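Next up: the structures, one after another.
Shared between the two complexes below is chain A, which pairs with chain B and chain C, respectively.
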Partner chain A sequence: MVAENPRVFTIDEAGRRIVAANLVVAGAVLLAMMLLGLTMRLGQSGWLEVPPARFYQIMTVHGTGMIGIAALGGITVMWYFLSQYVRLSTHILTANLLLFLIGVVIILTADFIGGFAAGWTILFPLPTHGAVWPAEAAFWHLLGLMLVGAGLLLVALDFGRALIARYGSLGRSHGWPQLFGLSNDPLPPPTVIAGTMVTIVTTLTVIGGASIMVPMMINALNPAFTINPLLAKNVIYFFGHSLANVTIYMAVVVIYELLPLFAGRPYKASRIFVAGWTGSTIMVLIIFPHHLFMDFAMPQWASGMAQVLSFTNSFPAMLVTGFGALALVHRSGIQWSLVSGLLFLSLFGWLAGIVPAVIDATIVVNSVMHNTLWVPGHFHFYMLLGVIPMILAFMLYLTRDRLGRSPEKDSDMWALIVYLGAGLGFVLVFLYSGRHSVPRRWAVHWPEWMVYDRFASVFAALVILAAAFFIVRFLIGLRHFLSGR
Partner chain B sequence: MLSYRSLVAAGLLLIAAVPPLAWWWEASLVRHMLMQIPMLVLAGFLLGTLVAPSPDLGVREERAGGIAAVLLATFCVTFWMIPRWLDAAVASHRVDAIKIMTLVLLAGLPLAWGWPRLGPVARGFVWVQAISMAIVLGLLYLTFPNRLCNSYLVNEQAILGIAMLGIAGFLGLAGAVPVLFGANNGSPAPRHPGARVDP
Partner chain C sequence: MQELVWDIALLVIAAIAAIFLTVAVRAKQLIDPDRIHAFTYGFRAKAFAALVIVGIAVAVITLRQLPYVKSSAVPVSQVVNASGFQWYWDLDRASAVAGQPVEFRVTGGDVTHGFGIYDDSGRLLAQTQAMPNYTNRLLYTFDTPGTYRILCLEYCGIAHHGMVSEFEVTAP
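== the complex of A and B ==
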């Protein structure tokens, strides 16, 4: 009943090239988006003059870009490890990268030249009735998003094809027959179970996204065609929340695959593991109404369900991955290195990031905290200290830091400490500002709030330096990875 | 000797395309879009299965041809879903005849030729796209305040919108059930993990 992780990962030359290309793009876009984030915080702190219209364009690009690179980096991590168990297509991963790049160019043009600035959440009718930017800019921004989504859909479908070819159905690759006592076969490996969840959620998410973005594009071209704003908001958050959330489920396999190498123990799939991931598959798709607590027209049952599910959705992550990883590491004599340190940091970022999220998903708290900086605090916790370190750990593992091949230097560990300290400081300033009712999505802050913004700017600059250090190290070592050594 | 499929195709053509039954289908927007058009495409599809050669999926050109054929079918069906041309088909017998011929020959027939040549990813993409476009059309017909077709009333648009959403749900379930609970036993693990594959 136990599936063990492979000790050696193999990949052919075409696979190495496309994985490297994806990670180079993800690293470059990550740094660019971090610099845009710093620009916003500097603007709010009064240290840099950022015109409000430009601020909101930057905010839109920053949010869209960060979700985009989390998805690109996460799906690359998943592709690499899933390809150890099933046969995946490099052509499809290449098509995804091309669609991503075309989509990014269109989005950047629509936002910085067209002036689109409705935020990454594109909530209807703001994108087409912003009055500040032409409707064509909204049309092109939405088209860019559709292309990025189409690329992700292709990869998800390829995952599904490969999983069905190997296991017979997604139910089997998810471990459902074993979970419900219908089979005594060994469970699929953790990465296969996670890959199945990602396949299901990504496919449904992209269907939802396309279903609402096309009507919004029609609305941009013909304002006489309108859609119900509440329905649009529901579908947008079904798409947006689920997609943002699934990025961590893509990237988390790096913990299942690499942590055992450092700890010298296998990461075991069990029926509890399958149950946890099954719960996540369902809950990730239906907890999105916790973004709509402030919409008075939402049915009460939907809000109540979203609150309860937001609480329970954290249990699978905490119990299965968190507790599982701690048990794996405890008294294992783990080899601490940059990669294992980043992996452990990402685990902390994910699990600790859940706490402010759950607090905000409580209706009575949400009614006073939702439009404050508490909310960026929660998702930066989750992204900056959870998803991004997972992707960075993967990059460094591939290029330099394989076991026994690259002795650690002091500078490596300093970069890790700076990333952790400054990253934690950055998100805590967000949360602290939220606690003091500093609103989010305001280009200009009152002088009383600027002290928070200045601390945040310093922390952000330090985080960017540490991230740049990791990415430069990755780029330096890329030659070794590409040569297959 | 006539096969079962050719008899069904002929029956469908007879029911869908020959007046006065054809006029009865076209008298209602829902019947026109969701019954007559699918019947014509299905008739063409069945005829196509009789004449299309078996695909050789090992040949890359065969797969590319499959994509081209399905794209042709998609464009053809999309064209006849444009309200302007639905109206024209109702108003003019010539246009109606062209509609019937093209849906059989340029939608159903190429679909029969192209679908077996598509890889599983391309099939999945078309399927998913069909679901989201059914939802889009459902929303469009449900919420558009004005008449989209001169020949049909607004209340019919709303019924069509609900029906399109139902079709989206049906397509979703029809795709999800075999994918999630299929009885296939799968295949052994790849001998060379990390190797690329042409899906």
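== the complex of A and C ==
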């Protein structure tokens, strides 16, 4: 027995308002962060003068902000669809948005006025040893991160509460009794299984992040209090990698829920589906040591384990979601539209983005690729062409294309083609630069690298135009969604 | 290595793109969902088996070539102590002889840096992190004499990009 997807999604007025508010903020921050990204590439290309201190502040805001918006957009997608199955709190989602906004203001102030520029990775002891920014700026930046994290934690705990109230335990909502043959009951719907994974991973991730940020804040106030840098790096990547990764698992439910509407076939949960998501729940939390391959002081078993798990972590995405969604579309007579096109693109971006990531998670490769532009190449692949199109598809679905029957315009198709083409060009330039050993996080590029930066700048500008087109479309149609029609 | 990695990545990404393109183009040629379902499950099992076999083979081959230096490794005659500081490298010697292994003992003097060895064509040859409180041992044998460069590969503050030193390798 399997559960199928609902044909019609319902949401009350308060829910519509907060979902709309979240998406408006996510869209605005996304465009702002994209413009900062373009500024960095223009600075590296030599076409725009960006002083190094300003470049690294921008880099810090861009990295932090993009993960923040992926989390905000992703959790909103998850909240909307999960609320079709369990009773979620709109107040908690509102609190999350408020904490996000307060956190963003604090971070922007700490970085652009306070001068903080330790990158989103905040590797200890750089935040308090920046040489040119005061330790107070580090304190405030970390406080801003803590507030954003607190908002996410509240939503994750609300997910957990609602899932337990409806299913009895997180194990049951994850489908484990059926997976292990202990129950013949129907499996929970795909979104509930995914929501359980997101609940577990987000909760542990944010608590892990707080466990290192609080000591770092104390260090900012009292330098005599120090932390082991390797321990700090482990915890930071447990937090940072897992959080960045889980945003995909938040947003991917849009494929489970919407693609069936366009393809006219249900997306079914199965024991393989549960097994895949169970594997993801575990692996996402323990593969972070692949960020520390070049820390030779790490235990070799941790590095070896991280390499193997980085390989196997791609299996659920490729074989469960990837195969399942492709089979759903294959010869289905799917209605192609801006929304279904973005969903299809997002699936490609996620799966193809895994390829350079897995390759770089091989230790011998990492020796010559780590901290080159190969790395932003792989994560921009599944962020720019995976997570963001998932969130954009959700936004556009809500406002103008609810049943995929709206008339499609030529401009829609052109925007989609530009986003795909320029996005692909943008990430391939990163990867190609990595092939040529161009280091990442360098404000000033050597002349021989600038040709890559110039191509990247043109591609980035085109991607921003297409993204702006989608977001303007969303804003125009927002009244339609808010009216509840 | 870099060329091989690029070629493999491009090939697999192109294969995935071809699958998506095929599915998109043939989407309107309707077929019974049950036939697709049966085909998918059969194909998925084969794909899973293929991924496991390839994954095990790659893991076995690559995990035998780890860059980590064991304490019991053969002693090397050329040792370079390297410390990273904001924003320069402090090397106790800036030259070595080609054809013989060099052991770089790398640490961070203030914050974490990245010790990346580049050849004169701008190719990254090897790297390790330079972290305070830890000394990472990087073993590398230079094949050809010339001027090499040490670049910082871990972001360390606002002059990170200027943290470059030269390292001379002479003929034996």
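Throughout what follows, the second predicted complex is superposed on the first by the 483 of 485 C-alpha atoms of A that agree within 3 Å, B and C clash if a C-alpha of one lies under 4 Å from a C-alpha of the other, contacts with A are read in each partner's own complex, and residues count from 1 in each chain.
Operating definition for what follows: contacts are C-beta pairs under 8 Å (C-beta built on N, C-alpha and C of every residue); 3 or more make two chains touch, one makes a residue touch a chain.
Quick caveat: nothing in here was measured; it's all calculated off a predicted structure.
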item	value
Combined model on chain A: chain C and chain B, fit or clash	fit
Touched partner set for A:Arg331, first chain B, second chain C, both or neither	second
First (chain B), second (chain C), both or neither touched by A:Asn228	both
Partner chain(s) touched by A:Ala14 [first = chain B, second = chain C, both, neither]	first
First (chain B), second (chain C), both or neither touched by A:Phe323	second
Dominant toucher of chain A (residue count), chain B or chain C	C
Partner chain in contact with A:Arg161 - chain B first, chain C second, else both or neither	first
Which superposed partner A:Met294 touches (first chain B, second chain C, both, neither)	second
Partner chain in contact with A:Ala443 - chain B first, chain C second, else both or neither	second
Touching partner for A:Arg479 - first (chain B), second (chain C), both, neither	neither
Least Cα gap, in Å, left between chain B and chain C after the two complexes are fitted on chain A	14
Residues on chain A lying within both footprints (that of chain B and that of chain C)	228
Interfacial residue positions of chain B with respect to chain A in the complex	119-121, 124-125, 128-129, 131-133, 135-136, 139-140, 143-146, 172, 178-187, 189-190, 192-199
Contact footprint of chain A on chain C as seen in their complex	1-3, 5-6, 8-9, 12-13, 16-17, 19-20, 23-24, 26-31, 33, 36-37, 39-40, 43-44, 47-48, 51, 55, 58-59, 62-63, 65-69, 86, 108, 110-112, 114, 116, 118, 122-129, 131-138, 151-162
Chain A - residues contacting chain C, complex	52-53, 56, 117-119, 121, 123, 125-126, 129-132, 228-230, 233, 265, 272, 292, 294-297, 300, 303-304, 307-308, 311-312, 314-315, 318-319, 323-324, 326-327, 329-334, 336, 344, 347-348, 351-352, 355-356, 359, 362-365, 367-372, 374, 431-432, 434-437, 439, 441-444, 446, 448
Chain A residues within the chain B interface of the complex	6, 9-12, 14-15, 80, 83-92, 153-154, 157-158, 160-162, 164-172, 203, 206-208, 210-211, 214-215, 218, 224-228, 231
